[in-house]
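Paired with chain B in one complex and with chain C in the other, chain A is shared by the two complexes that follow.
Right after this comes the complex of A and B.
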């Protein structure tokens, strides 16, 4: 077992009594069980099929990641280089919740929520009856048991409950700032009852910290006809490790739209586990990634069609410069009797440099015959003819390249159903070029 | 839906139809004692009158095999194999060296006839040289003279070890090393026989080379070893076809095929595999664990795999190309049909090492009954491989609600100039297509046949003429009642 894994287990033993919901018997048992599963599996490594291209065990290595402290002072937002990430969603009317080092800072957060919308801390959420099934999610054992680590150690987060037919008036913006080095284990629980609607934005940024580990899990449960839009921006520090998992259970006719933009961190892995529980539901799981230097970005996505008549769309776009590495591992599962499934999965990658590398593994696992399933994957460089075309019209090469890359990423941004958020994502992509150009100049 | 239900029913009927090639011939055979040990290997080697270096090679592989573990990553399941409860050598008894077909055991000839390999007629009509393998020993090799004139060596593997040791030594294990994988290592230790082909520089092999493999002896695993070398600027097309008699016990088949293509050489390797797939309850059937790999060692070389897989209870097979030479090309065309309880996990690997290398993968999987049909493939582009092209298309067709089809592609690129495209679809026979055909008076069975044939067309077209007919027949037998 690596030092990092041992460190997590020790943290659990030491802090067990202080973790939220410590008094709840079911949760205590749940945490103990999860820790046991994690201890048996250890941190995931490349010998696991689901982690074939990303070695978290090695990345965390001998790091002794103690829990990041709870800071109560002022937090300084990152400098100009990340201006766009700081500004993202800023102009949208929204409720802002601020986390520092993975701990909720209610003094920095302010919300006046409409009737039917309840927002609470993780501790309070765990005491609510609606939250329990979310924590008992069945996908935990998948993908090398890393969600188990979060279940055992989850320390803070939010619980969002929206009553039947209620709507969250403006988006909820969760801003996660890393101020100090260390590990944070955040768990967000989101339950939308029948017909409820919500939009959640998430920004992950460094604000002073350098070497840190973010272990983030969001569990979503959508009631009949509920609709959730989730847009996430990850722009962590250059030495950070970011591990995020989204689990979602979709009841009949519900709709999930999830988008994740990956720009930061030394190593990031973003996992989505979507399970259809009722007919007529729809899931969009999309993302875009732009990496440079020696960054490593992994998107892992499993869409489980457990019932008939559901549709899923997955699109991941990856741009890789310098010696960065991109990974996409996706799977569409169609269970026996999940007839009339419509499942599509697409992944495209652009390699901008000689040292960049992309690995893709888009899988189909199908046990029903009356289905329409397809996946596609392409890896290549910028089209030389397209560059030539633009240059022949007086556009210099860097601009031509930027135009083409923007257009490439734009396909993914198009899937975001929130217009203002879409514009912010575009701005972020443009700022990535600037940042990048300064770095390479 | 009625149409589909009928289709499913007709497919189910296949089960009741007896396996067409399910007969066995009673021929006295000489075989090694049951079980596997160094003594078994020494016995095989002695039987083959092999030189010491060959025996050493086998023993080394055996010792390595003992340290290896059976792979479990494929999407197949079967009861554990008892490697000590099988015979590793079995040869049809024959009294003396044979000069003509007349001297061949008439029972053997009868078997061939039933299999549809009219040796005599083939000599006259088909123009195909057949190195027929009955169980493990190659008995009859025809057209040797004609091939000899062209300088082509086409002989049983055991003969090559004796007559052309320098070639065997140089190439054996150079594509699939003894340490490669569990079954390839087992094969290296106990391989019984197979074919050896060498095409000299600049020679275009005057005829299609063909070997029929046949497993006949009860409880005999067959361990074929095939080695084909196409020297500079040469061309060869090699056909491999398989049928096996009906058996209750599962039989293990772990073959190794190695291809080497030098500068400007081309090898076309076609397979029709129709071993006993087990009965309608999934009882019996062949375990087909094959390692096939081609090495495009020279510049501008080309290796093309075409396979029609309809038989075997469990198939584990990934014919691959190592595209080492600059401008070399690899192709993989596959039809895999599974019915009843058959399990297929097949695909290819295209390893791009050289510059300007290209590859094309077309895979058609058809699953019926309760079968499981998996495509598993790797396209890998290494750092120095400039201007690589790959196109991959994997389509699956599902017939009936209880079968399953899976696609597991691995796509890895370390060079920005590479352009890799992969697409896969899964669907059932379209109601509209069926309706269209029926509306025009085409009976339902024929319509299904038409659609399935259309679905497979890209691959069937790649087969040599001699094989295309047989392949179509096999597609028909596998989905009998609904096709053709």
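Right after this comes the complex of A and C.
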């Protein structure tokens, strides 16, 4: 076992009595079981097929893994002029909830929410009957047991419950700030009852911390006809490690739209596990990534068509400069009963440098015969002819490149249903180019 | 305006242009005709500054400046414009965004104010109308899914907006039916002015019925082998390029 894995186990032994829901027998058993599964498997390494291109075990070797301290005093946000992600979603009317070092800092009782919408801390959520099935997620053992690590150590987070037919009036914006080095284990639980609707924004960024580990899990359960839009921005510090998983179970006619923009961290892995439980449901799992330096960004996505008549769309666009590395591993599973499945998965990467590398492994696993499925992967460079054409009209080379890169990413942004959020993502991508241009100039 | 002296150009080590001498004065339209493979497109690309064209000898002076020392976008900002034989498709960049970026880049390079959205929109509408460039085309990605005629009209629209001092039209007639050709030629003729020089490159005489040149040069095997007035086009149409290709 690696030091990092041992460190997590020791943290659990030391702190388990203080973890949220410590008094709940079912949860205690659940945590112990999860820890056992994690301890047996250890941290994922590259000999596991699901982790073939991302060595989390090695990356965590040099990280600060003891729990990040409870923040004291005021946290200073980075200057928005330098870090555009600070300003993202800012002009949208929304409810803002702040976490620092993975600990909830906002007073949830101060958030005025419509009838039927309940927002609570993870500790309170774990006491609610709706939350238990979410924590007993079926996909926990998949992809190297990293969700089990979170189940054992989850320390803070929110629970969002929306009653039948109710709607969250304006988006809920969860802002995660890292102020001190250390590990944070956050769990968010989201349950939308029949016909409920919500939009959740997430921003992850550093505000003082440098070397830290974010372990983040969001479990989503959508009732019949419910609809959730989820937009996430990951802009962690250059030395940070960001590990995030989204699990979602979709009842009949429900709709999930998930988008993640990956800009930061030394190493990041973003996992999505979507399972269709009822017919006529729809899932959109999309993302855009722009990396430079020696950054490593991994998107792992499994869409499980367990029932007939559901549709899924996955589009990931990746731009890689310098010696950065991108990974996409995606799988669409169509179970024997899942006739009339419509599943599509596409990943496109643009390499801006000879030293950048993209690993893409899209997979289809189809056991039904009356389905429409397609997947594809492209890896390419900027079109030199196109650059010449743009320059021949007086556009300088950096601007020409930026136009082409923006155009490349734009297909992914187009999938975000919230218009103002989509514009903010575009602005963020543009600021990435500028930041990046200054660095390389 | 443009003075080319003893220009030798090689591509992949193979000499394509073998000593071109050409002087184009402001206000004049020069046509360059010649068979396939004579070096017509090479001449247009080397003037625009495309990579892969190695000037081994000679000079090109544009408005008193060494054109060959300028990079591609500097040449454009200085007023050199190439209408492409095969305009490039740019997915994801709308024609409107492209036009505005290009115009403002050139204005900025010349130290002029950038045009704001309303002023730009008004200008584009005004220039688009005579060329039958519809709002729909302006909203679509540049050249993506455009017909041959639409692509060429979009090229002429760019020229009309950017108002170059030296316009080089590379086989602007290729792929056009007679109606499209008339629209494009009319667009080009409107841009003729005492301050502007044009070099019209074509294989066929047909285009020159509509854009009547002041001077015609025949290019063959990398050299200008004959120079004459506009009547030379009719002669070539009758005799073909056989005597020059031989």
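Everything that follows uses one rule, which is that the second predicted complex is superposed on the first by the 429 of 441 C-alpha atoms of A that agree within 3 Å, B and C clash if a C-alpha of one lies under 4 Å from a C-alpha of the other, contacts with A are read in each partner's own complex, and residues count from 1 in each chain.
Here, contacts are C-beta pairs under 8 Å (C-beta built on N, C-alpha and C of every residue); 3 or more make two chains touch, one makes a residue touch a chain.
Fair warning: this is a prediction, and the values are worked out from it, not measured in the lab.
Undergrad: Which partner chains sit in contact with A:40 here, chain B, chain C, both or neither? Use first/second/both/neither.
TA: Neither partner.
Undergrad: Is A:378 touching the first partner chain B, the second partner chain C, both, or neither of them?
TA: first
Undergrad: Between chain B (first) and chain C (second), which does A:393 come into contact with in this model arrangement: first, second, both, or neither?
TA: After superposing on A, A:393 lies in contact with chain C but is clear of chain B.
Undergrad: Under the stated touch criterion, which partner chain does A:72 make contact with: chain B (first), chain C (second), both, or neither?
TA: Neither chain B nor chain C is touched by A:72.
Undergrad: Which holds for A:434: it touches chain B only (first), chain C only (second), both, or neither?
TA: A:434 contacts neither chain B nor chain C.
Undergrad: Touching A:368 in the superposition: chain B (first), chain C (second), both, neither?
TA: Only chain B is touched by A:368; chain C is not.
Undergrad: Which of the two, chain B or chain C, is in touch with more residues of chain A?
TA: B
Undergrad: One more residue to check, A:353. First (chain B), second (chain C), both or neither?
TA: In the superposed model, A:353 contacts chain B only, not chain C.
Undergrad: In the complex, go through chain B and note every residue touching chain A.
TA: Result: residues 73, 383, 396, 398-428 of chain B touch chain A.
Undergrad: In the complex of these two chains, what residues of chain A are touching chain C?
TA: Checking each residue of chain A against chain C gives 383-386, 388-397, 399-400, 403-404, 406-408, 410-411.
Undergrad: In their shared complex, at which residues does chain C touch chain A?
TA: 48-51, 71-73, 75-77, 81-82, 84, 87-88, 90-93, 97-98, 101-102, 105-106, 109, 141, 158, 162
Undergrad: Over in the complex, which chain A residues touch chain B? Could you list them?
TA: Those in contact with chain B are residues 49, 336-337, 339, 349, 351-354, 356-381.
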